[in-house]
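Each of the two complexes below includes chain A, the first together with chain B, the second together with chain C.
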Partner chain A sequence: MNDRVTSGRLALGCAIALVYIFLLLPIVIVVAASFNAGQGLKFPPDGFSLRWYVAFFTSEPFMDSLRLSLAVAVVATVASGVIGTTAALYYVRHAGRWREVFRIYVLAPLLLPEILTAIALLFFYYQIGLGTRTVVGLYIGHIVVCIPFVFLQVTAALYNLPPSTEEAARSLGAAPGVVFRRITLPLIKPGVINGALFAFIISFDNVSISLLLKGIGTTTLPMQVFDYLRWGFDPTTAAASTVSILMTLGAVVLVDRLVGLRTVRF
Partner chain B sequence: MTGANRPWLLALPVLAVVGAFLVAPYLNIVLMSFRVPSTTQAYAPGFTLDNYAKSLFDWLYIEALLDTARLAVIVTVSCLILAYPVAFHLARTTSRWRGVLYSIVLSPLLVGVVIRSFGWIILLANNGVVNQALRSYDLPRMQLMYNEFGVILALVHIFLPFMILPLMGAIQGIDPRLEEAARSLGAGRGTVFRRVILPLSLPGIQSGCILVFILACGSYITPALLGAGRVHTTTTMVVQMLDQFLWPFGAALALTLALFGLIAVWVFTRLSGRAMRGMA
Partner chain C sequence: MTRLSIERLEKRFDKVAAIRGVDLEVEEGELVSLLGPSGCGKTTTLRCVAGFEAPTAGEIRFDGEPVTRLPPEKRDIGMVFQNYALFPHMSVRENLAFGLEMRKVSPNDVATRLADVMSMVQLSGYDERFPRQLSGGQQQRVALARALVVEPRLLLLDEPLANLDAKLRDEMRFFIRSLQRRVGITTLYVTHDQAEAMVMSDRIVVMFDGLIHQVGDARTIYDHPATRQVASFIGSSNFFTGTVTGRDGALIRLDTSFGTVACGSGHEVTTGETATAMVRPETLELSPAGAEGGFSGTVGERHFLGNLTDYRVTMADGSVLQVQGSANAAFAPGEVVSVSLPAGRAWLVGEASA
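Moving on to the complex of A and B:
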């Protein structure tokens, strides 16, 4: 009886370990492929080389798309950071009768399927004459899908901040602007930064929106990888993917150093 | 200035941006779905119900919709089966590796969908890692992608964290003393799981399943990459319509899929709600 229980637990332990391996496997494989010396994929690999990184960093299209991706992600982070934070302040401190409607409204970009949102935006841009000749539409699309992530993080931070802190400052004579700058903002800063981190990662990795809204002749890094993958295998895409993974990882480590990620809520 | 006197100013940016670039485009796409398709311009004059008739009654599109639904159900159930033991372990463990294991669960979320699909392509392609390993042992080649298997496997990987996280939340909320009480009253491990843990974690199962099902129904990138034109879901068909400039029909097809997803979730919520009341 006892034997059966132990062997059962062992089997369960192995199953759990396998799921963890399953979760990491494709990511590890991409990183490994980027260091492979050979032209095609080989198993076992041909040896270690950085030639695909050289190819990536000297490739005009890849560098252009990396620059555009970073620019879009930074703009989307800042803009959705401001919009999401003000929305959270309104929702937690001021919203009245319509607060639940307001919440759904702000979360709508997250609740609706992203590819459908991209299609709707594409049609809309053509209807209003914006089209995809410029990348303005791409920037706007990224801002819209990032807003809910900032909103959720800042809302959580605001709920942990009792309104009495702000009331105390106000009753001691601080003007509303001063209360916000000196009391509210410093205390919800971790929430705002975590929200910004989410926004950055969501925008930097986004494909569905970029797929349909990229301007003519311009493309983002994940889109470039997507296009390369559709027309065959090129190890440069593995190097591009690894650089992209390192960039998101860098953002996470940076935020962890700044505010600590334990405050993140999922 | 920051809203003490005029708090609605705080709501203004989000109302304006989401209103102009989400609500208006969605209203526009609904309108578009009733337009007459045209290959030379966005749409021809007049309104019609033909787009919906074609989406709902043409066998080609019904089949794609059913395939999408079947794929999404298989992905959801596979995620649930794989996620439950992991979520349970993660919720209950006191190991000092807990933080590391938790980051392993979260790490796929930091890597874009394209890159994760790429990893599966390297593994599953006809001359991929798995097939090369098979060949070195003189085993026959296996068709692992450009079919539903590859798409399902990659989708399960991509959505697994979305199942683990709500399940973990639900299991963490179950008081461990309930299990101890059931055990001390003579229930075996299996009985404790069936009668205590499983019923109490149903809300987590419900939210995880809804999330994964909806995400799987709307997925486009992974079916496009791992199916490579040989697996047809409604989303790949919609994008095809866009390429052919049949916008009104593409709009109707996309909205049919969204509506279908909503109805499926509504039915599922009703059924699982009844199951929860029955078991509690």
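Moving on to the complex of A and C:
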């Protein structure tokens, strides 16, 4: 009996380990390849060198795209954070007869293939004369695909907050604005932060939206990596990917340090 | 101290009428319970008074001034919720200070009032605890203190004891009642628990289906229920129907299929009318067969309940009456007995009207 439990656990442990290896090994290989001293993108690397990082950080196209990607991700995070939170508040607390329609509408960018959203936006931009001459369309596209992630997280947080908590504050003399600032926002903060983190990550390595909506003559980091791979096959792309992984990881760590991902629940 | 008036209050949610015309006056310092099954409109009435629901029609007044259009934060009320609704991210002290802060009370006064209210609800020393570190009963007392510390015009309680276990619930009934008396605050109390309403209230308002069926003190509602629903919701009762054949002074003669019963009544009836009467099982008396003035019946079931014995007696016409007698009196199942009914203990119940 005991033996069976133990061997069952062992099997489960092995299965989990295999899944992790399957998921993480490619990343490990890319990171290792970025430190290759040789010419090609290969694994195992022929010796250790930072030359591809130097190549990456001194390449104007890569730096331009990194800057644009970061700017877009930050703007998309803040904007979708505000819009997604507002939409979640409306959906959970105030939406009436059309609440399910409203939910589908907000989640549409997540439910539809992203490339369809991108095509739809592209047509729309040309219809209204915005086009893709500027990066405005790119920003809007990223905001649109990030909103559902914030919306879902904040909605979940709001469901854990009984309306009576807010009503109690009203009964004690707090106007709705004060209730939001002092009661609602602090209590849904973990949801808002998780949602914003998702938004940042989604935006930072988005391809399909950027593919169609990037302004003429500008490009984001994932697009730049893709373009670069079409012409050459040197480890600069591995370095770019590693930097990109570190940025995402950095965002997670930073948020954890600033506010704590596991803000105390009750 | 504030007098609360509710006038012709109506509330519809989409097509469903939750309240269909409620009139109620709560006097200064009085504790009035709204009692009824779920969905009877008692909570909706309370939420209209609090300002969380906008009535479809009618007016709510505090001391004669209409407040119907004021938002909750302008009504100066204290409310206790079924789930307590404490602010989980604030300590006990911060929870209690919240209302005072909203009223811009000076820090010195805040300190005094917090100390007072915490000793009043026996929570001194718990200032820095968080709600999740308190037991259900303690959270309940914090909720009560938070509502009282702002010295509101009106205290509103929405099933505040429903989440507590039975023993604690009994203690809290007396605790809340004595606190309410001491503070002298006008209070509206919503509950579906008849015993709670009877122990705590000056007056009880019994509601069904959006209508008030009866307003009265516990004894009146128990002994003289206005409608059949009131009688069956509060305590157990026997009902029987008969024809009104005349009067004996204040009492009304009702001819039933097992004999003539003298009933009290709170409403006018005319001779020849069909009426329903109710009688409480413990007011019926059993005696050996043939006793004078009794109706003949046969004991069906007998259940020993500790402090009393519960009988089901089948009457001559086949109807069954529930009779509760002293635990000692022993009538065996199958025995023929005489069921007597003290004059006036039967009561004619009427119909609800809007």
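Keep this in mind: the second predicted complex is superposed on the first by the 233 of 266 C-alpha atoms of A that agree within 3 Å, B and C clash if a C-alpha of one lies under 4 Å from a C-alpha of the other, contacts with A are read in each partner's own complex, and residues count from 1 in each chain.
As a convention for this text, a contact is a pair of C-beta atoms (placed from the backbone, for glycine too) under 8 Å apart; a residue touches a chain by one contact, two chains touch by 3 or more.
This one's a predicted model, so the numbers in the text were calculated from it and none came from an experiment.
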Check chain A with both chain B and chain C modelled on it and let me know: fit or clash. fit
With both structures superposed, pick whichever of chain B and chain C touches the larger number of chain A residues. B
In the overlay, answer first, second, both or neither for which of chain B and chain C A:Gly173 touches. second
Which partner chains sit in contact with A:Ser164 here, chain B, chain C, both or neither? Use first/second/both/neither. second
Quick check on the superposed pair: does A:Asp64 touch chain B, chain C, both, or neither? Answer first, second, both or neither. neither
Once both structures are overlaid, what angle do chain B and chain C make about chain A, taking C-alpha centres and a multiple of 10 degrees? 90
On the A-aligned overlay, A:Val19 touches which partner chain: chain B = first, chain C = second, or both, or neither? first
Name the contact category of A:Tyr90: first (chain B only), second (chain C only), both, or neither. first
Look at A:Leu187 in the shared chain and tell me whether it touches chain B only, chain C only, both, or neither; answer first, second, both or neither. second
Smallest separation in Å between any Cα of chain B and any Cα of chain C in the superposed model? 9
Let me check the overlay on chain A: which residues of chain A are in contact with chain B and also with chain C? 266
Help me check something: in the complex, which residues belonging to chain A touch chain B? 5, 12, 15-16, 19-20, 22-30, 33, 40-43, 82-84, 86-87, 89-90, 93-95, 102, 105-106, 108-109, 112-117, 119-124, 126-127, 140-141, 143-144, 147, 151, 176-177, 179-180, 201, 204-208, 211-212, 222, 225-226, 229-230, 233, 237-238, 241, 244-245, 248-249, 252, 266
Within their complex, chain B touches chain A through residues 1-5, 7-8, 10-15, 17-18, 21-26, 28-29, 32, 42, 82-83, 85-86, 89, 101, 104-105, 107-108, 110-123, 125, 127-129, 132-133, 136, 154, 157, 160-161, 165, 189, 214, 217-218, 220-221, 224-225, 228, 235, 238-239, 242, 247, 250-251, 254-255, 257-258, 261
Chain C partner contacts - residues on chain A that touch it in the complex: 162, 164-165, 167-175, 178, 182-183, 186-187, 266
For a test of understanding, state which residues of chain C touch chain A in their complex under the given definition. 50-52, 71-73, 75-79, 81-83, 85-89, 98-99, 102-103, 130-132, 143, 146-147, 150, 156
